[in-house]
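Sending over a structure as structure tokens; questions will come in a sec.
Note that the chains take the letters A, B, C, D and E in the order they are written out, and that residue 1 is the start of every chain.
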Amino acid sequence: MILFDLLFMLLVAYITGFLYYGLYRNITARFQRRLGPPVWQSFLDSIKFFSKEESISHGWMFYLGPVIMMSGAIMTLFFIPLFHTGESFKGLSSYGNLFLVLYLLVLGALGNALAVGASGNPFGVMGVTRGLSRLFALELPFYISVIALISVSGSADIVCIAASQTEWNAFAYPLLFIAALFSFVGMMGQAPFDVVGAPVEVYSGPASEFSGKFLALLMSQSAIFTFAKLVLMVHLFLGGASGFVELLAKSFGLFLFVIAFGAMYGRFKTPQSIDFLLKVPTSIAIVGLILATWS
Amino acid sequence: MFEFLNQPEVIKTIVTLGAMSLFFVGLFGLLTRKHIVKVFISIAIMESAIFLLFIGLSFNREKVAPIIDATQTQVATMNDPIPQAMILTAIVIGMAVLALGVSFAIEYYKLTGKTEIDTMNEMRF
Amino acid sequence: MNIKRDIPTATLSGFALSAVLVLTLITILLQYLPLSQQRVGDALLVLNEKEGVANVVTTVVVYFRGFDTLGEIAVLFIASLGVGLMLQPNTECRLKAESNFMLQTASTLLFPLILLFGIYVMVYGHLSPGGGFQGGVIIASGVLLLLISHKNFEVPHTVIVAFETVAGVSYVLIGFMGLLLLDTFLGNFIPHDIANMGMLLSGGVIPLIYIIVGIKVGSEMSGIVQNLMQRSDDV
Amino acid sequence: MSSTLFIALPLLFGFATPLLSRLGKNALAYTSVLMQLSLLGLALSLLLAHSSTTVELISIAAPLGISFVLSTASLLMVLLFTLLMTLFSLYYLFQRRANAYANESKFFTLLNMLLAASIGLVLSSDIFNIYVFFEIAGISAYILSAYSKTALALESGLKYLLTGAVASIFLLFAIVLIYLHVGSLNLAVIAEQFQLLPYNVKLLISLLLLIGFGFKVEVFPLNFWVTDVYQGSTSLVNALFSGIVVKAYLFVFFHILYLFLPQGEFTLFLLYLGGVSMLVAEVAGLRQTNLKRLFAYSSLGQVALIFVAFAMQNIQAVQAAFFIVIAHSLAKFMLFLALASLEKTEQNMHIDRLKQIDSPFLMVMMFLAMLSLLGIPLFVGFVGKFLLLKSLAVEGMLTLLVMVVVASFIEAIYYFKLMGYMLHKGTRSEKVEVSLGEKMIFVSLGLSLLLLGVFPMSIAGFLQNAAEVLLDQTAYITLLVGG
Amino acid sequence: MEFSLYGLSDIVLSLKVTALANFFALLIVLSTLTVLFIAPNYRLKRSFYLLFTLLVASLFLIVYAHDYLLFFIGWEVMSISTYFLLSFTLSKEALHKYILFAMASALSLFVAILLLYSTQHSFLYEDAKQSYLAMSDGVQQLFTLFMLIAIFIKLGTIGFHYWLVDAYEESHNLFTPFLSAMLSKMGLYALILFVANITQATYVLAVMGLLTTIIATFKAIEQESIKRLLAYSSIAQLGYIVTVLSVADGMGGALYHALIHTLVKLLLFINIAGVIYVTQKEKLSDLGGLIYKLPQSFVFLLIGIIVLAGMPPLGGFASKFMIYTALLDAKYLLLLAGVMFSSASAFIYVYKLIYGIYLGHPTHKNLEEVKEVPWTFLAPQYLLASLLVIIGTFPGLVIPYINRILGELNLTLLSFETIQTLITSYAQYNGFVVMGAFGGIFVLVLMMFMLLRSKAKKPKNRFDIAYCAEEPNEATHLHYGYSMGQELKRVGLIHLIAKNSSKYFYDFLAKQMQYFSEVVRKIYSGNLLLNFNIAVLFLIILLLWSLK
């Protein structure tokens, strides 16, 4: 039963993720007054890449890196329940908790970093460095918001947090939500915090040595991961979801917001983004935390 | 006319004042003189002052020297012998120390040509 | 008149310090003048009637407070040793000129008398004012006289050392004899009849010790004087 | 057995040295060592007999004449002094072939006189007798200090002598006043009547004694000469100064203090005086580069520590003081002897030379001594420091406690600096030969530091007894004056 | 076992076997054995083993002592034997630095225990609380100050860490694992005793702990020397423990993390000891690309850094989880945020570590001949790594033991159901499932990937990489990542941390002290006139002061 659940979750995430990605590419194209690719283009691309052979391999760690990334993404997905009500599609969430998920969110990045490191490409490492440097700054406001939510709801279980919202946390604690959103934009790799993958400056970033199946795996991972993160945000701030429609609606809304946000801003340099994240969203989050827990 | 001088209080006051003025002289020399011989002299003066003070204050005018002979057999009328014995010892000791000090000073002078104690700074501390 | 220009500050401050200290001392001393006091000396006077010799000071110095004297002898011994160590005899450092004939003759004549007087003072120390210290110093003054007057005069170093060694050792040995025989160090172990008080042969070890002290003081003082003399010219 | 032997025998040897030196080249040295060994044996047998306090009369009965009081406390000091002096003589014998002193017989005279005087200071119950021993010890020390007759040595001898002479004037003044007002020279009688004296006289006498002894016990405003003396003298002699001489003065000063002022009127003042001495000395030592002078500063600090411990005037603290006395005597003795071994080639070592010296044995021995001085556990230095600090804590003297600890820390700074130099990794060019005999002495000293540190209980009872005896004024009076 | 000291009836000493003591004793045994395992690779003097034995003995004394005096004795002996152990390799300055801090620590501990003794006249742990309560307020603060200074120095808490980094960096590669794993744990043990027996000192611990974790983490990121990096990492890890000890129920988490940290630091330091053994290089910039030369070592380091970063599914996450929930329980939310922040920042330095040694391409050619480290290095790593994996899988395994300690200290027990789960009031965590899921997914993905696999060509040499359309050559600096984290300095806040160092403070202190000493030294000029004048002045002052 649980295996079926998990498999289904994976499927949903895979498809939805690519769907969102396709929509994203379309929407950005519209923003930029272009036509954009078909919605399923990315999905098809990934299938195609799976059949391509990779041009070069840098040893087994290089090989395992993407696998770790993929595993991380799937793990993240599994430990986040799709719905906060009902019995099904809870995944493995009852065996874990929010802290675990917070760490799982980073697992993929670590696998990526290892693989890129193993490739030995200096520019790849440059990207990883930027990513890791940015990571902690990115996480801080998010952590504060999450901690506040855990404290308020009295549980670190995602289902409980989702269920305990009488009104959406996003409205009950707007400051926390705003702070978390900043982080979330960064986590999604969107402007203005997208310097990691900056295609122009850093000769295609961390992914520069990946080709063929590696790239396919990375794309799939990205799709699943995006979906998992959206679901997490929905549960934390948007009152959770008790059905597919609700889940898709809320997550897509959030996704749209993030894209729109990203399209509006230019890109920060790494120190700039760290500086910004450590100042503005963190302050907002701290104020939010104090407001939320002051009694 | 000077009968009052025979009173023990007066005698002892005078002795005290005298001895202490000697002590002052010695102390002043010790604190201000730099020449090594002068310092030794100052020390000797201070010692003498103390000897004088001791003998003067312990001396009783009505009593005699503590020597028993045909005329003097009453111990009750004799002066205390201890201060004398002590001072005898102390004088010899003082003399010995001075002699030693002077010999040090001579030898030191021969080696360095210095006689003033504030210039004795061979040590590079 | 500007005092400061004439007198260094150190002198002024030394003056002030010593004046203040002495004035304070005088105040305290005069405030409580020791007038009539029961002293241990009085008890010793009484004790002397039973154990001592005619000159009570001698009894005190040699017998009652014999250890002080032993210590004092030791001080003198070390000092003479120290002076000897510092100013080692140097035959080249002698008086440069022979002194005048009259002085030489007079001192040669006087020296035996001085020596005799010294010995007298020493030997009769337990009966009359005087004693080993005084006698010893008198002898040393005789030696000094000779040193001043005779260019080549010298008490042989070995003689001095022999005297002071023998005297010092016998002093302590007498003390040990007392310890052995009477169970107190420096105890008067030679029979001394109190009836003999005032006679030359009285008082047991007391005159003996005083003579020893005299010899020791005489030789050590002579040694010191001689050492100082032999170096004094080139200072 | 007579306690007078402890004084009379060395005196006898001192007087007899010219004779003995005629007997042959080594006769003097060997007989002297033999005599010291027999004294040591005597002291040990007395220790084992564990008798109560005995009074040894000189000529006449106690309150009138001079007497020597051999209590547990004084026996302890006697034992320490004879032990150290014996070891010193042995050490001198072992290294004699390499560098003997000129006029060796005089050197031995001075050693024996110094021993006699130190023991006399400790044993005597008569204040004028104490003055005499004070002078004997002083004069021997002056000459020892100036012994090598270099400009440095003479300067230090001269300085030592001048301060000693001034100190003795104050001491004599105090004794004169005591006799004038009390009418006795016996410590017990004075102690009995001291409280009855007018306040001002009491104060004056106490202060004169403080100044007189203060020069000798190297307490703060009176100790500016000490470092010069240490620097000018040879390390060998310094071992005696810091191992024996100072300890004798310290003991007798506090002996007198406890007798005269059993209520501890000056306790607080003396405590802070000691504390300040300690801090000032240790701070001043921080940047010292001359080893001898550095050890002199450390001696000043340690002596001030002992001063503090004695000044506490209670049994625990005095016991602690005895522990520190033993620890410091042994350790400083060891350090100075080690320095003497190192200085065979060159006097006045700069601390940089420690980098060059190749002698693991001496290094290890110096480590042991330094660690003990710093009060590291497992060494006897710790026991003393611990007991003292415990006593301070119990009495609530927290400021002083912190002062002591800060001073220890500063001391640690420069001792570990030395150790750093010794542990320096690099080629070592100067090989130092240490003979087997010297090694045995170092090892025995080092072992005693360790053994006493690990098994302090072996002597703790004895020391406690000593502290009780030293502090018990009434018993002392009863003993000498009678009911 | 109680006995008295020095024949003094007023000092009762006690040695006692407690669960807490056993816990730390176990760590000591583990560290000693693993460290001794690699010892045959080095030529060591006999005195090294002697001192090492003394050190271990002193550690046991510290642990099994049941009164503060024995504890202190052990503490001092530990410091001194460590001093001599360090002296084999440390430079003079670093050595002096170490011992000064060690002495400061020992002496302030001494003052503290004496203050404790002063009220109730007992050194026993049982009486410590009472003694503390009997003090006046000022003395209580003084006591806490001295005690914490002693502990913080040993822990190397920020501000007191000046000695630690140099000591770690320059110490013998054999000894570094022990330093990090055990000696700092003794500071922790002291802190646990202090918190459990006497007082919590909440705010001080919280602030110090948080500052330590954050600052040390960023300092670690900057380092280019492996051992320095790990030294700062040790400081940061202990910072977590200090932080969690500031809350009422933090003891469980602290003990858990202490265990994990000991294991992981042993693993990491032994690992890099092996690397340094085969390469003779200690700087990240000189290393790189060793993954294919030392594959086993790489895996162990990977395990190590995963634990160090607190990533699931290994043991590191379990202890971090305990710490987080303890802080959450106490509602120290900002503190928790800070701790999590520094934990996230730690990713940079752990990545830097593994990248610098094993990944990338070495700039220098001479690493190509390197062989896998000897088995004596690998064996303890196998042991430690498997322990960490087991604890990760069964995080509840150690809970009963920790509970025994907590029960002994009269603290709230941790809830315990099965060995697979950790249960707290906020959430639970099933290590077995996480491990299983990760393993399963990993294997599935890998298998799928293998099925689709095609032959990829191997790079010809280390220059065969995409490099901006240029051809890298010998002169090109390929190993870029070792300097990662430099750009962080451009961020104001981090720049502040990087720029300032306690070095300035201590240098200033030393300079002032020396200046002061120079002034005081002038007193001892041996000027007798001055001395006599002052003596007389002294006499006059005393006389006039107290004259009636």
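FYI, contacts are C-beta pairs under 8 Å (C-beta built on N, C-alpha and C of every residue); 3 or more make two chains touch, one makes a residue touch a chain.
These numbers were taken from a predicted model, which means no experiment stands behind them.
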| item | value |
| --- | --- |
| Set of chains whose contacts include both chain E and chain A | none |
| Per Cα centroids, the chain farthest from chain C | A |
| Interface with more contacting C-beta pairs, comparing D-E to B-E | D-E |
| Longest centre-to-centre distance from chain B, chain (CA-based) | A |
| Chain A and chain C: spacing of chain centres that average the CA atoms, whole Å | 107 |
| Distance between the centres, which are taken as Cα means, of chain E and chain B, whole angstrom | 71 |
| Distance from chain D to chain C - Cα centre to Cα centre, in angstrom | 30 |
| Interchain centroid distance [CA atoms averaged], chain C/chain E, Å | 75 |
| Of all residues in chain D, the ones touching two or more other chains | 128, 132, 135, 139, 142-143, 146, 149, 159, 162, 166, 179-180, 185, 200, 204, 227-228, 288 |
| Per-residue multi-chain contacts in chain B, two or more chains | 27, 30-32, 53, 57-58, 82-83, 86, 89, 93, 96-97, 100, 104, 107, 117, 120, 123, 125 |
| Multi-chain contact residues (two or more partners), chain E | 521, 524-529, 532-533, 536, 539, 543, 547 |
| All pairs of touching chains, each written as two labels joined by a dash | A-E, B-C, B-D, B-E, C-D, C-E, D-E |
| Contacting residues of chain D [partner chain C, same complex] | 2, 4, 8, 11-12, 14-19, 56-60, 63-66, 103, 106, 109-110, 113, 116-117, 120, 126, 128-129, 132-133, 135-136, 139-140, 142-143, 146-147, 149, 179-181, 183-186, 189, 198, 200-201, 204 |
| Complex contacts: residues of chain E adjacent to chain B | 521, 524-529, 532-533, 536 |
| Complex contact set, residues of chain C against chain E | 10, 13-14, 17-18, 20-21, 24, 28 |
| Footprint of chain D on chain B - complex, ascending | 30, 36, 39, 43, 46-47, 50, 53-54, 57-58, 82-83, 86, 89-90, 93, 96-98, 100-101, 104-105, 107-108, 111-112, 117, 120, 122-125 |
| Complex interface listing, chain E residues touching chain C | 529, 533, 536-537, 539-540, 543-544, 547 |
